[in-house]
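Two complexes, one shared chain (chain A), two partners (chain B, chain C).
For the complex of A and B:
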């Protein structure tokens, strides 16, 4: 597992900047400099086969953009994307198609991500057809296998049903079946359980965990919910305002976080056990504007430990303890 | 006399397919100064219950049975005109989405002023002064009263709605998922603010949420709803420590925790019931690992199992055993296998 050969997917200095709209005349006369929303600004990480890595952060932190850019669903502004040792950042046509044949995504809302007019079979077989994988005879077999793996059982009974005949949990399982039918090496799961009821969430989380093991899939799990991240992720990253600010094994990031933001994020999560009293620490302010992000450390305007240095110098990600990185001048 | 007394409440929606009973025979009381939570999954009837109490049901919904008694007045059948004498003054509302609840083209201060002036005859200066005090109470800068909603962030808008709900000093505030649309940190700020105001002003609060941890940390008493019915109702501590109903046990075991040892998450098999074809007997029997013949045939009545602790399960005496066995994930999985077959017999299309 620790062998660098088993690295399935990696990004280096990934950037995604969105150009800000400006008035037509301004653009024509170049009166104003083009401004950008720096949604993702220099993010690097790698994922091994069978590993689940989580990205947490508030809305606007750039976590979803990382997931989308990683799959080349958004075009990166800068940086490199490596898949199975090959730089795919600028691939197009057949070569991009070849990458997409091995990388899949599951979205947050199974009510919107499935075609309501496609039956279960049609939905799941589509990735095989699009990617020209297998023969027609093999298709049925693979669809049944994917449904079985997604724990939609018995799969035969579901083939001709439509999404509206399924419950929320079953729909998300269908979305998972569709994603795993091509046995991807890399899977992005963007808030896959946040729309589901608590009683159903656990099943989906257990399923993802199991799939990463049986299929050796590398999973990038994007979520705002640290408690689900703690449950399924081997490693966890925290993002703040487009920057990766902490990365390490999930238990160390959650039990002994280094970055003040991660610490506050963890303290903000309520506790279900009435016997555990949580100390409430309130973080003032809001996620900064990403057009003109704060100088130095982007968290400095809200940080309780802010120093002069934080206002001018941007901290880089440092290995504070073995395999635990944080971007903070305190360390 | 209780501040709010809900008796045998039944709420139905008229749908094209027929009548849907969203809230079924619900009774409870809220005393002055109590912080009350209602938890449930989607379709449990929790929001419908809140809206029925506020008499804010959509057009196709109506109270079919039962009574809502607020401060000794039975408001169940009151007209809008009659209701306007109690709305805001005796009970108010914090809605879920602050984005939709505010008028985008009116200044925030004017909107608060308007809601006060609808009920009281006060000058603009006096209204703005009071709005300023409310702003301070919810942690907003009174200088921003003249701002428009778009100049506020999501969390700040939610604070505005809390300020508004307090503007006429009501006894009861009903909050329907007030933090669901917000981020973790902002959510924590808002819940902390609500908690402090509740304690400081001794308001009664009814908080509707799907998040059991929010209830665990904030509410004095908790109602657990399932399929339109109350399945368990007690002081929050005992409810979470010593649950009697298998659904409450399942809900707790399905909830991922951030502190303490990592435990296996156990999902409750199946999904919440379709109320157009509600299961017979106990509505949870299709997902319950402890279900027996009796549960399929006979509907359990909510009874007091311990002083102040109510549960609607046929087997309160087996609760200690249930609590132990519910921690076994295998048990819940087996429940699914048998129950699926049963479901298929009853409803071939699902």
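For the complex of A and C:
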């Protein structure tokens, strides 16, 4: 995981716990111990320049929280965040601003991620203005360039438009233009295509892929859609109940998954060819309660291969094959 | 809102001049007004308010007599309690003053108190709401605690104590109204801010390095502006009604006769049953002014209703 010195971004033992609201009397009498929702509980990974790494998992597994916490939009409860070799976990003021200048995010819903009262130009130029990058004369050039890169053409015609005048795909391209106008070294893409028509997904994904190559941007791609992950991610992580349970090259994770949860997740992908006979597997049960997660392996109540050991001892992430890690007692 | 005009700043960059494809920000207010004009009662309300504005601005040259001048009949006697006639359209008071002239000059107090108090209450209310709602935590608790306190203060005793301490003047009336009535604006707009601040475009601005003040005034304020306009319109009517009430109770400014002061004079002179022409004009004007600003407020409300809104969101 740390075999390269071109690592742009890394987190170690990242935790995000939310305190659970207590009753006033209980808090006063300290009758109950403060409880936490352990949305992210000890996640470690690193991303190299130009690499796209995917996080998959079902709803509530903590994948979006990882993205938000990685950008310091949520404050981490524990662990460290490293950017360009510098520990930025507790940075504030100018030093945090310096990180903001090089990191960006693209959200899931392009109808919500743009201010309805800002024009295209205002939306895209904002990161430049806020971070005092370039002169006013350069701003227009850079905005047009970013729009061109995001394949909004001809960019001149869009500058004065409002988001409601654009289609969903155009809006997402606009959100991407806004994210890349500062040429970020690190980009979080939180389900960037899940709200879009299938017909325009490929275009957006190719765009992200291209950007990671031309701008050497490290991209953290958050998704529950394994087909898009396979399409653009170099490496893939699986998350379950706030834990990282598998990490490896995308092809090996999808073709030969080790962790039973990843195996079930992949079997749940619908098959395109109706003639292919496939074993139907249903993942039973629900994501566990994150306030009192199951002891031992968090997946054991739903795992088809559960052993006695799984209920007691929590498995750690082990390198099962070269460059392929899994957290399971089977290996 | 039109803080930066990209066309002006970038026109020289050698790019082809950008033609505004769509309405610029400047025309947003125009669109708000168009929204009101599409609404029948809103249009009527707006016209009534404009008439009152006109009277307030040029009242001095419109009134046939000075509002406090004593009027004498041809035989040289004081025109006490004269009923409406060609000479005194709304009749005269028992002290011999022209009711029509007093009614016209009362519009000035109504407009000044109504609009100044509305601007001050909404300014305080929306700033409290924006900062409390956006910051959350201790600041929110503190500011919302203040709102609760202002809700707990009974208005009339508070007004009477302050007027007796500060003296009777329309500025003190505006102050009293402003000190209490920002509370409702603050509560409602804060609720809107709470939902807005979780929208992804706010997170996106934060990720780009925006500071709280920037996010509040550049991203949140424009999105709560329709609501602010609605509350301004409603605050105008509250202000006028409150001023009339205070003046009727005798806490009005003696230098500027308002409709409330007129009613107070008439009441003290015992004219309520004998001289209807002294009571009806100020009463009708108060009702008309308040109704008009409510109608404009209703039109704003219609334009903020997402089901009726044609853009935004």
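Criterion: the second predicted complex is superposed on the first by the 327 of 331 C-alpha atoms of A that agree within 3 Å, B and C clash if a C-alpha of one lies under 4 Å from a C-alpha of the other, contacts with A are read in each partner's own complex, and residues count from 1 in each chain.
In this text, contacts are C-beta pairs under 8 Å (C-beta built on N, C-alpha and C of every residue); 3 or more make two chains touch, one makes a residue touch a chain.
Because the structure is predicted, anything quoted here is derived from the model rather than measured.
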When chain B and chain C are modelled together on chain A, clash or fit: fit
Chain C, chain A and chain B - angle at the middle CA centre, rounded to the nearest 10 degrees: 80
Partner chain in contact with A:165 - chain B first, chain C second, else both or neither: both
Contacts of A:265 with chain B and chain C, given as first, second, both or neither: first
Partner chain in contact with A:227 - chain B first, chain C second, else both or neither: first
Touched partner set for A:198, first chain B, second chain C, both or neither: first
Touched partner set for A:178, first chain B, second chain C, both or neither: second
First, second, both or neither for A:100, with chain B first and chain C second: second
Per-pair minimum CA distance [chain C against chain B, superposed on A] in Å: 8
Chain B and chain C footprints on chain A, overlapping residues: 165
Interface residues, chain A side, partner chain B - complex: 58-59, 165, 167-170, 197-206, 224-228, 230-231, 254, 264-266, 268-276, 278, 280, 282-283, 286-287
Contacting residues of chain C [partner chain A, same complex]: 6, 9-10, 13, 15-16, 18-22, 24-25, 28, 199-201, 203-210, 214, 219, 222-223, 311-313
For the chain B and chain A complex, residues of the former touching the latter: 41-42, 153, 155, 183-189, 191-192, 210-214, 216-217, 236-237, 240-241, 250-260, 262, 265-272, 287, 349-350
In the complex with chain C, residue positions of chain A that touch it: 68, 71, 73, 97, 100-101, 103-105, 107-109, 112-119, 121-122, 126-127, 130-131, 136-137, 139-141, 144, 156-157, 159-162, 164-165, 175, 178, 182
